[in-house]
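One chain, chain A, appears in both complexes that follow, with chain B as partner in the first and chain C in the second.
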Partner chain A sequence: MRGLNKYFSIAKASLEVIFVYRAGFAFNMIGTVFYVVAMFYLWQTIFLGKPGALGGFTWPEMKAYLIVAFILNSTMTWFDEWQMGADIREGRVATDLARPIDFQLKRFAEATGPVPFELVSALGIGAVVAVVFGGIALPADPVHLALFIVSAALATLLKFAIIYCVSMVAFWTTGMEGVSNGRMAVQNIFSGALIPLVFFPDWLRGFASVLPFQGMISTPALTYLGAMDGPTTAFMIGTQAVWVVGLMLFGRLLWRSAIKAVTINGG
Partner chain B sequence: MAARLRRARWLVYIYFRCLGQQMKAILAYEADFVILMISAGLVQITGLLFIWTVFLRIPDINGWTFWQVVMMYSLIFITEGVGSLFFEGTWRVSRLVYNGNFDQMLLRPVSPIVQVLAADVGFNGLGNIVTGGVLMLIALGNVQVQWTPGRLLMLVILIISAATIRVAINLATSASAFWIRTPWSMVPMFVHQLGEFAKYPITIYSMAVQAVVVVAIPFAFVSFFPTAYLFNIESWSAIGLLTPLVAVYCMFMAVWIFQVGLRRYESTGH
Partner chain C sequence: MPLIEARGLTKKFRQAVKEPGLAGSLKHFFTRQYKDKVAVDHIDLSVEAGESVAYLGPNGAGKSTTIKMLTGILVPTSGSLIVDGLVPHEKRQQNARKMGVVFGQRTQLWWDIPVIESFNLARDMYEIPAARYKANLAEFTELLGLAEFMNIPAGKVSLGQRMRADLCMALLHEPKLLYLDEPTIGLDIAVKDSIRKFIHRLVEERGTTVMLTTHDLGDIEDICNRIVIIDSGKIIHDGGLAALKDNYARDRVIHFQLARPPASMDPICAGLPACDLHANGLSLSVRFDRFEFAAGEIAAAVMPHVEVIDFRIDEPEVEDLIRRVYLGQLSLAAPEPTADTPESAVAAEV
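Up next is the complex of A and B:
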């Protein structure tokens, strides 16, 4: 337990950074709300023009889906490929290599530190948007809610694992802007962040189902709504867990080969 | 008059020389360049995939068909591309002011605005322009339009005007750095996010949102009104004709705001 104390301190420091830049953080948050609001209006128009369910979703369920997606997308926003690129370019990674800490755990602590704050902000904003648009569907029974919390936690771990793996590219190329944007584009469409995956034609849905991204939004959101039957829910949450473990290990493997390729610029 | 014209030509020359230097700096990292182009394409393809999936279920959004919405998308991509490729420098102002490096720009005998515009190159813009252009051609091929030389000319004018509005919004918001000091482009990013509303026909929004994107920060003139004009959609098409005027107005306001900011600029020191 004593060994974990240092990681806890790193997480705390990372949260404090957000408090220093709170104005910037607030602006970023409000900025992402525009996207959600635009989506709400779009789907509202679609549902008004076509009463009843669409792709198995009623309008209150769709609203809930959009809000859950927004909240899940609002965590770990300060952890991305850019930082890894900057650390390597500016030589800070040399200090990390010299420290008696596990690099992946350190990154994880940095990424999770701000999560409680991000979560509270996103829940607040999400609640306002939900009320303005006339309320959202709530989980039908407490079991769905409990499973949703498990699935949402796994989704956050998965997000970390994926970004950590992708950020290893920084050891081979310096500009991370393209890498980060590309990852975000693929993630947005295949996680179900833009549109529930059931709306896809079969070939695209099949493609999404073999990728890890669905565990980031689709699985927790559908669990919240209770849209899947018991065995399916168990299977989907299990799939999330398998991807988390697999990608965490893969990230460690990448790191080991990456530090052999590292060129340290000063520092 | 002749002297002013000469000065303007000289400024354009300086602008392209500065931009050329930035391009060389970026092309030195060949892999980054390739990755940026590919990622720009990916962002667009996924955006299009979304709107295509929506239209699999419904025939139209408030009377707007798939290809009409694609036309709006293409205008957003192209204008964003022009902004990144030629005027990415506006995104650097916050950092320049914050670090005290803006002083350099004031010491040189060239308009700071020209220097700011040429201060960076975003090669992802090239990817945006190419894929946006292809999308626009496909969209135009799929919508019945009576093409006359006048309408074709208007298409070119509308694209230029839409890009001008975007760049003007970026320039005006980048001037916020003279009032609020942050190491990153906080206000410009915030306003940029409002552009999300330009992706769909504005008739889907409430009056308040419409007022913002038509009057306050005229993103509606980047995509909605030009498309409405080209495809003769309802009464909106007449407003589309105003796009070039809105562009001139936006540029004028942006330069004015930037100059007011310059006058109150205080160096953070070096």
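Up next is the complex of A and C:
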């Protein structure tokens, strides 16, 4: 464990940076609050005419889904392709490479550092929104809650792994903003952040099920609600784990081959 | 065994070739064209422990590329490179533990958090034992005058302060090898001076091996005992400062102040056939090869023809010499690394 100590320190320093940019962080949060409130009104209107369940969701369950999606979307917001792309393009990664640290672990530590703070903020805001809108469905039992926590943790790892892999595009292109926006658009649709996947037509749902994105929102949210039976839950969380490991390794592979080919600018 | 041993070390970059304008951009989008640029071209270099080497060359000569290979950041295209028993890019992290590196144009400090926290981060990254960390930090803080801005974020300190803090950060783990890539760029004279003194002390007292790239010749004269010049990826000089002067800075100029203009230059010229004479009113200057003539011989040849009031001698300046090398006015055609005989190969083409 001693070898990991350095990464804890990096994570800690990264958390400190958030406090330096507290105004930016606060505005970011306020922005997401507006977004989640808008989503609530939108879905409230949809549910208004339907007394029962919609796509298997009751209104309290749908509210819970939206809150879970909001909280998961609020973590690791300080890690994106744009930032890492700039580091790659402008040769700042050179300083990372001149140190006895693993590049991916360092990035992971940087991305994870602020998560506890983001989580606390998002939980606070989420709780207020939930109360204002008349409460949400809670997990049926502690087992579902525990499984949800595992699934949510995997969702965060998955987010890191996906962004890390996509960031490697910076070795070949300079338009990282487009790449980042593209990833976000695909992710918003296929993770179930905008609309639960159950509302998708069959073909699109089939497509979503072979992509990693469902593990970012849909799987933890459905686990929270206990909407899947035991074996399905286990399978879905297992799928998340497989994607995490696979994409982490893929990211390492991409990094290694990219760095071999790379011209660090300013040579 | 040398600390750094490079044999035929080469790095080629693939550069995208793009024609100007929208048409060029479009064309580039569909048919990428590349050409190879050889940044470092079969260099041989060995550096012993304790040496302090100035690694010079004009912009784009391959200096930084070499440093990046030595530090394990870049993978060489071909050739062999061993630094303290390791191939840097294969054992990047192990290599990184043994070296410190300062890029003058790029800080290693965390921009947003106080300087001291970057140092603490270095302590954890390099796993420096607490007692050693404390002792080193105290010493460097004292020598580099870091106390006054220790608690200020790196992004808010001046360039001179930042450089000093960067040096400290690179040295807290007591590296055997210190790479400095333009460490005094943009700094004022006082800061330059304190940094040079500090590095000099490091070499003298801790025996740290230093490899330094710079455009500032003051850095070289204060710190380095050996000069390696690279141009277009090839090493064109490797030796001491004195050897560089002896080999390539052979010309001295003697200036005479005369009582009255010379009646005719012809007799003086006839007496000094191998020299370059310039007369302008009451001054007369003679450029001569200091290995061919003694200054006294020149004076003896001039004095009988004119009345001399005063004279002075200009020694060759390294700065001027290196400038001429960079400009391509002086070609150091010295394929042998030991070009210490004055006869070997100088072509001053000016």
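The rule is simple: the second predicted complex is superposed on the first by the 265 of 267 C-alpha atoms of A that agree within 3 Å, B and C clash if a C-alpha of one lies under 4 Å from a C-alpha of the other, contacts with A are read in each partner's own complex, and residues count from 1 in each chain.
Definition applied: a contact is a pair of C-beta atoms (placed from the backbone, for glycine too) under 8 Å apart; a residue touches a chain by one contact, two chains touch by 3 or more.
All values reported here derive from a predicted model rather than from experimental measurement.
When both complexes are superposed on chain A, chain B and chain C fit side by side without a clash. Of the two partner chains, neither chain B nor chain C is touched by A:207.
Within the superposed three-chain model, A:41 lies in touch with chain B and out of touch with chain C [touch as defined at top].
Touch criterion not met for A:235: it reaches neither chain B nor chain C.
In the superposed pair of complexes, A:177 makes contact with chain B only, with no contact to chain C. Applying the stated contact rule after C-alpha superposition, one finds that A:49 touches chain B and leaves chain C untouched.
Taking chain B and chain C in turn and counting the residues of chain A each one touches, the greater count comes from B. Contacts of A:194 after superposition: chain B is touched, whereas chain C is not reached. After superposing the two complexes on their shared chain, the closest approach between C-alpha atoms of chain B and chain C is 5 Å.
Chain A meets chain C in the complex at residues 2, 5-6, 8-10, 13, 16-17, 20-21, 91-92, 94-95, 97-102, 259-260, 263-264, 266-267.
Contacts from chain B toward chain A in the complex involve residues 29, 31-32, 35-40, 42-43, 45-46, 49-50, 53-54, 56-58, 61-62, 124, 182, 184, 186-187, 189-190, 192-194, 196-197, 199-200, 204-206, 209.
Chain contact summary for the complex, chain C toward chain A: residues 11, 13-15, 39, 64-65, 68, 71-75, 92-94, 96-97, 99, 101, 103, 105-108, 110, 112-113, 117-118, 120-121, 124-127, 153. For chain A in complex with chain B, the touching residues are 23-24, 27-28, 30-32, 34-35, 37-38, 41-42, 44-46, 49-50, 54-55, 172-175, 177-182, 184-186, 188-189, 194-195, 199-201, 204.
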